[in-house]
Amino acid sequence: MEEFSAGSALSALAERPGDGTITKEQLLLSGLTHSAPAVPLQLTRSTNITPGLRYRNLGKSGLRVSNIGLGTWPTFSPNVTEEQAEQIIVLAVESGINVFDLSEAHSGRLYKYSETAAQTFSEKEKLRTRAEVELGRILARRGWKRTSFIVTTKIYWSTRSEERGLSRKHIIESVKASLQRLQLSYIDVVIVHKADPMCPMEEVVRAMNYVINQGWVMYWGTARWSPVEIMEAYTNCRQFNCVTPIVEQAEYHLFCREKTELYMPELYNKIGVGLMAWSPISMGLSQGKDDSSIQLFSRASFRNKYSSFSWTEDETAATNKEGYGWMKERIQPEETRRHSERIRELNGLAEKLGCSLTQLTIAWSLKNESVQCLLLGASNVEQLYENIQALQLIPKLNTNMVQDIERILENKPTRPPMVSTLALR
Amino acid sequence: MEEFSAGSALSALAERPGDGTITKEQLLLSGLTHSAPAVPLQLTRSTNITPGLRYRNLGKSGLRVSNIGLGTWPTFSPNVTEEQAEQIIVLAVESGINVFDLSEAHSGRLYKYSETAAQTFSEKEKLRTRAEVELGRILARRGWKRTSFIVTTKIYWSTRSEERGLSRKHIIESVKASLQRLQLSYIDVVIVHKADPMCPMEEVVRAMNYVINQGWVMYWGTARWSPVEIMEAYTNCRQFNCVTPIVEQAEYHLFCREKTELYMPELYNKIGVGLMAWSPISMGLSQGKDDSSIQLFSRASFRNKYSSFSWTEDETAATNKEGYGWMKERIQPEETRRHSERIRELNGLAEKLGCSLTQLTIAWSLKNESVQCLLLGASNVEQLYENIQALQLIPKLNTNMVQDIERILENKPTRPPMVSTLALR
Amino acid sequence: MEEFSAGSALSALAERPGDGTITKEQLLLSGLTHSAPAVPLQLTRSTNITPGLRYRNLGKSGLRVSNIGLGTWPTFSPNVTEEQAEQIIVLAVESGINVFDLSEAHSGRLYKYSETAAQTFSEKEKLRTRAEVELGRILARRGWKRTSFIVTTKIYWSTRSEERGLSRKHIIESVKASLQRLQLSYIDVVIVHKADPMCPMEEVVRAMNYVINQGWVMYWGTARWSPVEIMEAYTNCRQFNCVTPIVEQAEYHLFCREKTELYMPELYNKIGVGLMAWSPISMGLSQGKDDSSIQLFSRASFRNKYSSFSWTEDETAATNKEGYGWMKERIQPEETRRHSERIRELNGLAEKLGCSLTQLTIAWSLKNESVQCLLLGASNVEQLYENIQALQLIPKLNTNMVQDIERILENKPTRPPMVSTLALR
Amino acid sequence: MEEFSAGSALSALAERPGDGTITKEQLLLSGLTHSAPAVPLQLTRSTNITPGLRYRNLGKSGLRVSNIGLGTWPTFSPNVTEEQAEQIIVLAVESGINVFDLSEAHSGRLYKYSETAAQTFSEKEKLRTRAEVELGRILARRGWKRTSFIVTTKIYWSTRSEERGLSRKHIIESVKASLQRLQLSYIDVVIVHKADPMCPMEEVVRAMNYVINQGWVMYWGTARWSPVEIMEAYTNCRQFNCVTPIVEQAEYHLFCREKTELYMPELYNKIGVGLMAWSPISMGLSQGKDDSSIQLFSRASFRNKYSSFSWTEDETAATNKEGYGWMKERIQPEETRRHSERIRELNGLAEKLGCSLTQLTIAWSLKNESVQCLLLGASNVEQLYENIQALQLIPKLNTNMVQDIERILENKPTRPPMVSTLALR
């Protein structure tokens, strides 16, 4: 496996039927249980290239990532064995994916609402810890060249844990611990998850520069930072001659669009910060029960209605320990009805295209040029395979199709009007 | 002890009565021998949180410290066994304290006056050396996560020792030696004790930046530096792109107020340097003889009367090798009488509040928001326990109470009037 | 061999006839099969100094290189044994050469045109990898002092390989891999081969600064960069306080002159970037078949005719995967005839000087003061020996001779006229 | 020997008569064979402090050096055994000296004139190499605390050696080699011996900054640099945010005064570069034959007459490979006569003061406040002991005495008049 060519996934799987017990037939026959009534997309399967897979520079850096990355959270979840996880990783590599992202479910949305934030932090930490250990073992076992794959992991923090907030101490300790668990000599991109308003930005950028200068990390980025916070980090990097961040990880899908569509292009153009997108749908988190998926969309949709920065409000809600309970009360019955209608219409569109709703939302996200890498997650090989196929759907999303989707969604984000104090006179 | 919740001190002690031989009863019954006639404060002991313990960012850094830190000098003094010291450390940790400060008695005030400065330096050095070795052993034995505690230690220097003054060589050698004694891979905060007028500030800040970039130290601070020296350090850091100091350690109590009250808020607001305070009283140094405590207050008080920068004068006196002999001559009998009266009045106030004078002075210091961390010292578990209880006193120090104290002290510091050469014409 | 004096090549060879089986006689008798009809130059062979060998500072750096360096590509080619390679290295060292340059054939010109670029990259990589391993073994075996020789190697990249382009990750991985293969604690000069328009210059200069600060590399340079790209690198170094590049490796010979003659002097004077030159002829790549050599010249000549930046066009062609096929179509028969005539005239000149055409072209290149180091390659000892003798030819290239050559070549480069938009009005 | 007090030399020697075989009596009785007819100075020998020994900050750095340092060149010369060398080192330490300077005879003046510079370089290198190895062994054997002594060594270079000039490569290799020979983890001060006009100053200061940042070196300085070169180094340090040099080593004695007296005070005041002085007389190089010493003075004197920058001319002469042969021709008989007269008069003065001429010249040099450290050399214990005694002579050099010396010397340096091009009109 010295020099794999992108997208030899299928042939590879076919070649070792005894190895992973997954055959071409199995993949073809595997039924999908998604909320989408349509038959999932199965195109050009005989070629040994994953059509549509591209390599793009992440932000304005020299690091070239596949436009699809593997979000490993569902892969290393409790109900997936290490053997199954390894098959998923192998499929990703053989499909040409070179990004493995370590994170837990970003918003903690799927946790029981009654949990306290402190418990959630600790649980999340354990899940990610296990993911790093297992991914490290798989990478070591497979013996892939270190140059051929990219590992991104995160620095999480909480004011309730022993570490008590973001700090130089916490950043350095986190990176060292991740390196040890992963058994790697360096991490490709370390992502700082949420900015800490109590920790000066100078301290964060100096600490990130330190871990890079130690050779432990190649690049750094952010997750769930506001555009202003990202600009502040950049300004501090310039002031103290530190390495600038190259990427923001943000939620992006049909029902969560503002940050990515309104602010990320400007950040990319002005300071070279790119976008790694994820969504509950593409991470495979909506799987299992049909209605849970619909509900997921619903929630996103509703949040969307009431805030221009959904990720901020979400955050506020989480730290308020209220979970999403507030939604049940505030959401109007009329809204729920409208949303169900939208989902139905989108399903109709997917059916016309011959794909599932999940595939449609993936393709739609990938079509946005701001998205340099879309993280897909999977808890089994078939799910990942199907989601990857969404790449072939992109050319079908022509102007008419896109306009149809806009018409259904009715949520094209616009910048709030500038409020001038002069105008108020 | 993976994730201790702050302040489980008492329950923890109660749970292992055979371990440390200290039981709830013993603590309740332990008599206090302080100068304060009042019964010490014993509030809300049944909860498993130390009420009033807070975590604050040290200066404008991301490092969050408990508002009470353990000053380990009395803990590792000759008449405390390592077993007893370990019990004190454990109580501190279980109370939620996450700061261990290594220092010797700051001003050397309790040493015999006849000693030469050189001898004092050497003796001090030995005491601190032993403290580092013992603390290192205890931390290793207990196996607490490195992320959960903060160790601060100091760089002392003398022109009379072999090292001959502050220098890059001395700073680097000191840090390396401390690391070895502590058996830690890094120190959280290294404090430079006194500025050396003979060593350029550029050399100091570059050396501190060096030890931080080596990963040996996370942050640095100062002790007994004048506001102008701290500003000079900051300016040099900015000029040479070095990491700025985050804390000044200063004496602060009822009778030593100027630096903390007049200058530290400005330093915090302008350059982010916070305050770690200590006092002979809260460090348990006044214990044993009643009158020594009063004398201690007295001295501070007198110095206070005659200088606006008490720590500077103190310093000057020390280097003059005169000790405090000068006081005996200059202090008027009238002053002594007035001071004894004040102590009597304060004791009355403490009695009213149902606490000891030591607890009152601790609570009064903690009430000042400039004090991010107050160092408490103890040579036995009971003493530390009682001093920690002072946290519960803070809410009782309402406006009236504070005004009463001001009225008794008559030492509210004010900035000296600006002397304008124009005005002299 | 503690302190070798420059140029004891011959005596050394003579002294161990049983060792390498090469004797003075053999060298004298060895026939040349070059395209040049003239008898190769054989001057002042009895002295133990290589006449004309000089040490020059490379760019405006303190590193002093011999004006002739050994390009090791032909040395570690498949049809040369490691024993023969070692003899070539030894001859170079004993001649006073202190530069060993590791590279593959720069333009890939001699590869079959049908190859895809990806295959070419992989093959090239293998050749250079082998060269590093063998050179490392020879240097270790000989035990020369590390201070006495200079190793330069390259960072190659391709968008088609796993590494996918130039990046901090790729630069660091490349240098580490080269160090391991060479078994050296540092490389003297690392050359970045081609700029990557997709990788920000800031990332490149920071990464080069990083490998230098790690102690892995002493200096860095570029190969096949345009003057504007070199200036951009320099500007970024100044902006981010990074170490500036000291050298550009460029093709330079009778038929490829623009970059070296028009732009390198300016770069040297303004930003201290020097020149290490190579040519297909001096690297011994034209050997074997007479006409291939002529063809080589021809190609260079033709390219010359149609572009002022030959190396740029070459590059463009290569990335277009068209190879040099386009030439066959565009080159006029008239041009071919004129070029053959020029070669004939130059051969006549060489004959007059008593040297081969290869020697003449080497001497002519060395005469240019911008060339601080000319890389000579050889697949056998005799070839290297003869090429080194060209040093003695330099004084013979007087003004008349140089004018004669200019008259024959008719390709003295001139800057394209400034096109002023004002003039167009 | 944990905490030695400065200057316990004599008592220490007296206490272990069997150890080093040197007793108080032997020192008292030891006859001096210097050119000076006077009886050497023997004052206040019963105290256990070396009177007059002071610690001064070297340049404007925090490093405090004894005002007398041990120049180890004569100590590790071929005709001194390692045992004898160790006794000299021990005497130095017990006298309170904390500086050991490794160098060979600075100007090579005592070498045979016929030698080529290349041979000289190689020989010098060998001597210094041996000195480092032996000093390292002695320091390790004695087990002195690393903080208690200061080792300074040099980076020499030559265009004729393999290393070929000053360069980043040469600087790094030199420091690493010295560290290995000395068996130390760091060198206190590394001195760059002569600037290389061919090596950019940026490269030198970046390389010195590198070795400091690696922890291999604490400070750096220069030797035999012109004031303009030192200023250039300083400017480059400021431009590239590198650590500035703290010291220049320069020749300074009765007959070589310009650089030290005219230029070093300005450099100290403006950029904090201090002075470590040496002279052939104080290094014990004039010992053995009386007339050689006189001749030494003579030469210095003559050079003095004809140049304002003696060290520059000296240098020029050396690189011209002419040695000092030119002097024989140019020096007028009249000059020789005048000089002998001066020596006679100075000897008279020394006699009056009860000291040797060598002691007088040492005391006279130490009296200059620009000299923070005067290097004394010795090939035996007695010689060092006597030279150290010169410290007690300093108070005797009152204004009258200094004026007498000036009157005899007639060489008080003055700045050359500013030549204004305006004035020439």
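Per-chain residue numbering starts at 1, and chain names A, B, C and D are given in the order in which the chains are listed.
Just so we're on the same page, a residue touches a chain if its C-beta (ideal position, glycine included) is under 8 Å from a C-beta of that chain, and two chains touch if they have at least 3 such contacts.
Here is each chain with its UniProt name: A, B, C, D = NADP-dependent oxidoreductase domain-containing protein.
Everything numeric in this text was worked out from a predicted model, so none of it was measured.
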Can you tell me the least number of steps between chain B and chain C, where a step is a move to a chain it touches?
2
Would you identify the chain whose Cα-based centre sits farthest away from the centre of chain D?
A
Relative orientation of copies chain B and chain D, as a Cα rotation angle in degrees, nearest 5
90
Pick same or different for copies chain A and chain B, depending on whether their interface residues overlap by over half.
different
Roughly how far is chain C from chain D, centre to centre by C-alpha average, rounded to an integer in Å?
47
Check: chain B positions touching at least 2 other chains come out as 213, 241
Given which chains touch which, is the overall layout a line, a ring, a star, complete, or other?
ring
Pull out all the chain pairs that touch, please.
A-B, A-C, B-D, C-D
Quick check: in the complex, which residue numbers of chain A touch chain B?
122, 159, 161-170, 172-173, 196, 198-200, 203-204, 206, 210, 213-214, 240-241
Footprint of chain D on chain C - complex, ascending
3-4, 55, 57, 60-64, 98, 145-148, 150, 188, 213, 215, 218-219, 241, 243, 272
